[in-house]
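The same chain A turns up in both complexes below, where it pairs with chain B and then with chain C.
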Partner chain A sequence: MWWKILTGVLIGAVVIAVFLMPPPQKELGDISRIFFFHVPVAWVTVLAFLVAMVNSILYLSRKNPVYDLQAAISSQLGFLFAILATVSGAIFAKNAWGSFWNWDPRETSVFILLLIYGAYLALRSAIEAEDRRANLSAVYSILAFITVPFLVFVVPRVFQSLHPTDTIVNSQIKFQMPPLLLFIFLGSLLGFSLLFFWIYNLEVKLNILYKKAKEVNPAR
Partner chain B sequence: MGIKSSTWTSRVLALFLKDFKSELRTRYSLNALVMFAVITLTVISFSIGMFSLSSKVKSSLFWIVIFFSAMSGLAQVFIKEEEAKTSSLLKLVASPESIFAGKLLYNLVLLLFLELIIVPLFIIMLGFSILNFWLFLCVLVLGSLGLVCATTIIAAIVAKASVKGALFAVLSFPILLPLLVTVISGTNLAAEGASFSQGLRDLQILFSYAVVMFVASFLLFDFVWEE
Partner chain C sequence: MSANLGVMIVVLIIWLGVFVYLLRLDKKVKELERK
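Entry: the complex of A and B
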């Protein structure tokens, strides 16, 4: 219970702090404030992917349907956060680099995560039998997770030559961040992670209850 | 151990030959694959007309043709077992590992055979000149190996799903993306006549991708196949 209150207070404080405390950036102006929301959202996208993968491994080793449910919910949330990260990133990119989409390495990786989530959810909707769906989607989730390290090496090699400035802009923001901003940023990161786990928990509980209700009264 | 391993390899070979022979009788996958590749090649050739393309564009087009041809044919190995309802029998006579190895080998041979036809056609129809042919060959073989390792397990997944049509490409693309990017850059280097040391980085990535996918799909195939 206490951590839910903490999440509410934290996110509220972060929102207030982001809009009031840091001075506008020199080059970017007020748009730089989106950084404090965009990066945590992208972080949650990756976190959800990790949670889904761990749950998939647990499902395959223990065959408990709850793990499959958790993997599915984590992926659904990951899909939502991937869309949010893509959209907020595009707005950020339009103002920082001049166009909505440049295929810079980070945009590419978020887009690929979006594709993986989409493929995973498409696979789930294509299989009706529950055991089979759980098995196959767990296998796919693990397989997709394994390819991500390759993307880290491969993608920057292709697109960096086109957009040499992006990493500099990003690293400047990161490395020149004063302690206060860093504090707000870390608070936002923690707040969004807690928010993810909150929604995740609620969804899992809701789905378990829904299943139980269906067992008691199949007609509904 | 010696006897055991020899029976394992002979079992894999027997499974491979079974698929190979049934393919020779019907030629379903082969016809679909080759015709698909030839048609896309022709479409590309016609749409380009008199323009001459850079080698970067040509190597991208080459791998796009290979990718979509693979998508149209490689899923058949497992789908045909499900459609003919022979997968239960297969489960009784062979271990999952040997089945997977046999299917993998079959898909690899199918893809290499396709490339044997596509490469000369591509060179002739699009005037694709490859200056360092040995580097190209290494990229082609390692790339095909990685592609087959990744797609065979997905074919096994797709065969169990109720909607098979577009699912194979949808599931394969995100997983194959690192491979495709690397293989295109490697082919481009080879076409421009780069030396082996310049292409080494691509070959390393392709090799590690193939190894990782091979191990992962072997480990995961049990779970796909068991039920």
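Entry: the complex of A and C
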């Protein structure tokens, strides 16, 4: 329970801190505050797809349907957070670069990521046989995750991009934010990660309860 | 500054709503698990 309260307090404190401090980048003004929400939401996207891949591997090795359920829920949440990252990025793009969508390498790569995981969700809903669905989607999820590091971390750094790449760490992989900003940023990362695990945990439990209820009363 | 304060209050209210909803859902799930 304590970590759920911590999640609430942490995100609340981050919201207050982000809006009360001066904008982190003077040139961009107030819109640069979105960084403290946009980056953690994008981070949770990667985390969720990683959790989905780990669950898929566990399903293939142990054939326990709970792992398949966990992989599906994690992928759904990753998809949702990817949409949130895209929307917050588009708001930033409108204010910083003049239009919501520019087909910048970062925007294009997140669009491809949404297509890949959208196809995963479509695949799951297209197969009725539980075993077959679980096996195929586990293999797809593992293959899909291989693209994530390339699309999120490599592509935007290889091609020329409008998207800032050295905001958090410099080319020597060292933090380069002022300590206060770094503190708020890490607080936001932790808060959103805990929020993801909270929702994930709740959804898994609810789905298991729903399945049990359906076994007892198939008409439900 | 005042515009920022307004946005901050709106975001805080939304977050509080989400947080309370999650806490209530959590409680409900625990009750169902006990049954």
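The rule is short, and it goes like this: the second predicted complex is superposed on the first by the 188 of 220 C-alpha atoms of A that agree within 3 Å, B and C clash if a C-alpha of one lies under 4 Å from a C-alpha of the other, contacts with A are read in each partner's own complex, and residues count from 1 in each chain.
The rule we apply is simple: contacts are C-beta pairs under 8 Å (C-beta built on N, C-alpha and C of every residue); 3 or more make two chains touch, one makes a residue touch a chain.
Because the structure is a prediction, the values reported are computed rather than measured.
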item	value
Which of chain B and chain C A:Ile83 touches, first, second, both or neither	neither
Which of chain B and chain C A:Ile116 touches, first, second, both or neither	first
Partner chain(s) touched by A:Val155 [first = chain B, second = chain C, both, neither]	first
Residues of chain A touched, compared between chain B and chain C (which is higher)	B
Touched partner set for A:Asp30, first chain B, second chain C, both or neither	second
First (chain B), second (chain C), both or neither touched by A:Val46	neither
Contacts on chain A seen with chain B and repeated with chain C across the two complexes	none
For the chain C and chain A complex, residues of the former touching the latter	4-5, 7-8, 11-12, 15-16, 19, 22-23, 25-26, 29, 32-33
Residue numbers on chain A that touch chain B, as the complex places them	60, 112, 115-116, 118-119, 122-123, 126-128, 131-132, 135-136, 138-140, 142-144, 146-147, 150-151, 153-155, 157-158
Residue ranges of chain A touching chain C (in the complex, touch as defined)	4, 7-8, 11-12, 15-16, 18-20, 30, 198-199, 202, 205-206, 209
Contacting residues of chain B [partner chain A, same complex]	150, 153-154, 157, 160-163, 167, 170-171, 173-175, 177-179, 181-182, 185, 205, 208-209, 212-213, 216-217, 220, 223-224, 226-227
